[in-house]
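Multiple structures follow.
Each of the next two complexes has chain A plus one other chain: chain B in the first, chain C in the second.
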Partner chain A sequence: MTAVIAASNLSKWYGNVLGLNDVSLEVEEGITGLLGPNGAGKSTFMKLITGQMKPNIGTVTVRGQKVWNNPEVFSGIGFCPENDVFYEDVTGWEFLTGLLRFYGYAPAEIRERAARALDIVDLAKDKDRLIRGYSRGMRQRVKVAQAIAHDPEIVILDEPLSGLDPLGKRKLIKLIKDFKSEGRTVLVSSHVLPEIEALTSRIVLVHQGKILAQGDIPYIRELIEAHPHQISVRSSDPRALAARFLGDRSIQKMTFAADGRTLVVETHKRDDFFGRLTGVVLEDGIEVEEISSPDDNLQAVFEYLVGK
Partner chain B sequence: MNTPRSIREIFGFFFFLGRRTGKTRVFALLGLIPVVLAVVVRIVLHGRSGDIAAVFTEILMVFFLQFYIVILALFYGTSVTAEEVENRTLSYLITRPLPKPAIILGKYAAYALLMFAMVAVSLTLSFFVMNAARLREPALYLTFLSYLGVLGLGILAYTAFFTFLGTVLKRAILVGLVFGFGWENVIQYFPGSTQRFSIVHYLKSLLPYRPAPGGGGKGVALLLFRLEPTSTLLAVLALIGIGAAFLALACWLFRMKEYLYEE
Partner chain C sequence: MATVREKGYSHWDGKLGERRFPWWPITRTGIQLAFRKKRFKFVFAGAFVPAFVFLVGLYVSERLEDFKSFVRESDRLLNIGPKYFSAYFTNDSLLFLIVLVLAFGAAGLIADDIKHSSLQLYFSRPLSKTDYLLGKMSVIFFFVLILTALPGLVLVIFKLIFAGSFKFFLDYPWLPLSILGYSALLTVFFAFYVLLLSALSKNARYVIVLIFGIYIFSNVLYGILNSIFRTPYMALFSVSANLQQAGAFIFGQKLPQAVPAGWSFLVLAGICVLAAVVLNRKIRSVEVIK
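Let's look at the complex of A and B:
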């Protein structure tokens, strides 16, 4: 598949701080999730591909065209910034129609597009209220509306789900998925794994300005096999339990949690550990209250990969 | 979109936005000060029309030339770029198919017109209140238009300079204050050609009222003190040149520079 957005050896620094370090990435049609903790470099990457910043090193193109100081390219790009910022003294309708003027549409088309976009984000009935008076969720939605009102081929959303209530999140996730079915390219960032997981299986993990891993979720899950699994066992006698596993070579590390009742085990062979644990419990009669493994969710994969 | 169309659309958007802001309401209210002063002066100098002409130039034009248009241009001019960066709304503009210079030129034009409207209302009211007894004299209207023209040129030149400052500096307001109320205030009273390094010198050179030769004029002659006027044509050209040069610089810088939001 052809890359819609192509970044090659992209580096960006702010004084002595490295924002992005030698990042090469090709974004294809469909939804791509950019995942990383705050300060990882997601927003820097998005600002570079939307021409808000220019790279110190490397190149970035959208549909083969450079973006820095190339206004033509923005006819096909919709960008939703992360920051909760607006021209506050206007209504949602005025905000949208005002920004749509910058695409050269006729007044009737501006009105039509603004109405459609506000309708999509469920703000039609609040369109005449000042943005200043919008709730956080409404502000987030009007921000998305301005990104899609001109029907762009590429939609870039920086933390679009942040601040939304569960219902708002669900609606926006559905909307973003609809973009995909309409054949658009969507690049969406988040620091919350379940949000990205709900949107797409194609994810790019970013940390400390670098791409840590990229691929679909099964691929990312495979990566975890190179890292030890963490399993917590809460028991009436965690020390006796630990003693039974001391000679086990598959165990990398054992620690006791602060509550004094939980043994935390790190192992490469999770299934073997569970097999032995069952035997120990049965043989020694040690009471196990709870077994949990943070590795069972994607968050753990992410945390391992970023070295937390 | 081509550049002229982009400028027009930016102008329309920001002229609309500019009218809505609290800043505009505050500055419009500030414009009532000379109107109130005019009413007071009219009452005090009732029947002394010669004195009124002097008072207008010497006192009210000091307010307009050395305070009102400077403070307006400072706050609106620096905000052309700075407010977008400080409010982080720049992303909404530079991710649109607009040439970057069009953003500067469109906002500059919108704010300049807004300021001119405020100044024109204030000047009209104060001038005609003061000269209510001379409303039948055609010369009065020519004088009024001259004042309006001077202030209009002042707005264009000062706003261009402050737009440039706002584009190049992070704390442009502070530097602008030093320039507008320090440099401009001091340098104009220097003898010889030094005073030509101020914008206000060219504005004062265009004022229709001049003090009587040798006598320093009636009133306090504050505005025209030590003025060694430049010819009208040169003064107009200088003001247009200052405006065009700083606007061009601002456009060029805005195109080349990247603006980072402060965390």
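Let's look at the complex of A and C:
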């Protein structure tokens, strides 16, 4: 496959802050997930490939055309920024039609495209409401609508799922997957692994402005499996709970948190632990108030990778 | 056996309109948003009061006999010529009303984009920085030209209608050019002035304060410095004095200050250049973290 987006030795710094450090990456057709904690450089990378910033070093091309200072290349790119980027005193319809005017469509075409895009993101019935009155999910969807309304070949979505409720996330994930089946190139960023996992198996891990790893989901999972999972269980009797797991060989470490009600377990076999925990709770009648995995996130994987 | 082809993206193959004016959507939105504000509509309508007053003056000047008791010793003022038009364009109230209209209608032109981070939406589209600035400036061009060139030319037309002859035009054939020239100067200056201040803050309210503050403070500064140094050159510190000086020069009238008009043009041009440099640095899609 040929690269749609090609970045070569890309570096960008803001004053003394390093945004991106010598990044070379080729993005092919289909969905590519850009994964990294906040401040890793994902947004910087996206802003460089959408021509909003000039790289200090390196080059970016889209379909072989340079991006910086070449506005015409953006006819084929749809960009959904991470933050809210709209005037709140306009309606969703005005927002979309206003932005579509930049592409030189005829007025009827603008109306048709705006209606189609709003329909795709399920905002057709709310199109005449002021954006000020939109919920977080609706704002996110109208941002996606403006990114796809001009039917771009390349869709770049910066944290599109953040702040959405589970239903909204599911809808958007389906929508993004549809882009792939339509033959588009999608680059999507997130700091939450399961979100990216739901979208694609092609992942690029970004950390401190560098590409830490890139590969498919099993490879990333492997990294997680090599690092013990931490699971916190808050219960009415954490010591009784701990006693039941003492003989379990898959448990590497158990500690009690300062509040005296939380048992923190480290294990390589998270699923086995959850299976046993359910049995113990049912058999012994121990009341469990909360279960959480403080390091079941990318930050932990990154820390592990960086430490390694 | 048929060849299996990979499904690829196929772009919309309709006909794109020619993008001869890529800045126009920005201008259109800017004007629409301004007219959504009740306060702006009120101020904008009020800004036509001087034009109306001068129009009445034109009418009265042609019917001096009918208005003898009303006009009394003011008939000298109603001697219609370039001075009359210069008085319309350079009077403090018109300049202040222009500032008022721009403060309420254009303060947020860039400030709101910075506040809402909308610049990244503009610049991820086929739009250059020049297009963006031209679009924003055109909003100001629209407002200022409507308050200057349009009433100016309408006054000339009504003068001819009230007089019932072309004599006035034949006496002063260059007057429409002066009207257009001074309107253009006001338009360009105020476009740079307002956009410069609009790019300095995320908050449109602060920009309103800045637009008024600098305009008024420059006058106050002129007054203070003039009382200390006793030289007319201190007028160069005043925005309105420079505009009036340039206006008197363009309409071929006696300069209000004993300072060559070139200095005022230089000051106004300097402000525009400063604004262009600042705008070039400030208008970028991404906030730079230092």
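Going forward, the second predicted complex is superposed on the first by the 222 of 308 C-alpha atoms of A that agree within 3 Å, B and C clash if a C-alpha of one lies under 4 Å from a C-alpha of the other, contacts with A are read in each partner's own complex, and residues count from 1 in each chain.
Simple rule for what comes next: a residue touches a chain if its C-beta (ideal position, glycine included) is under 8 Å from a C-beta of that chain, and two chains touch if they have at least 3 such contacts.
Please read all numbers here as calculations on a predicted model, not as lab measurements.
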With both structures lined up on chain A, is it a clash or a fit for chain B and chain C? clash
Touch check for A:98: first (chain B), second (chain C), both, or neither? both
Report for A:29: first if it touches chain B alone, second if chain C alone, otherwise both or neither. second
Considering only touches as defined above, state whether A:235 meets chain B (first), chain C (second), both or neither. neither
Is A:75 in contact with chain B, with chain C, with both, or with neither (first, second, both, neither)? both
In this superposition, which partner touches a larger number of chain A residues, chain B or chain C? C
May I ask you to decide whether A:185 touches chain B, chain C, both, or neither, giving the answer as first, second, both or neither? second
Looking at the overlay, does A:200 come into contact with chain B only (first), chain C only (second), both, or neither? neither
Quick one: is A:153 in contact with chain B, with chain C, with both, or with neither? Answer first, second, both or neither. second
Using the superposition described at the top, list the residues of chain A that contact chain B and also contact chain C. 14, 47, 50-53, 69, 71-75, 77, 79, 81, 83, 85-87, 89-90, 98-99, 101-104, 146
Of all residues in chain C, those that touch chain A in their complex: 7-12, 14, 16-19, 22, 24-25, 28-29, 33, 36, 112, 116-118, 120-128, 131, 284-286, 288-290
Give the list of chain A residues in touch with chain C in this complex. 14-17, 29, 47, 50-53, 69, 71-77, 79, 81, 83-90, 98-99, 101-106, 109, 146, 151, 153, 181-185
What does chain A use to touch chain B in their complex? 14, 47, 50-54, 69, 71-75, 77, 79, 81, 83, 85-87, 89-90, 94, 98-99, 101-104, 146
Which residues of chain B touch chain A in the complex? 1, 5-6, 9-10, 12-13, 16-17, 20-21, 87-100, 255, 258-261
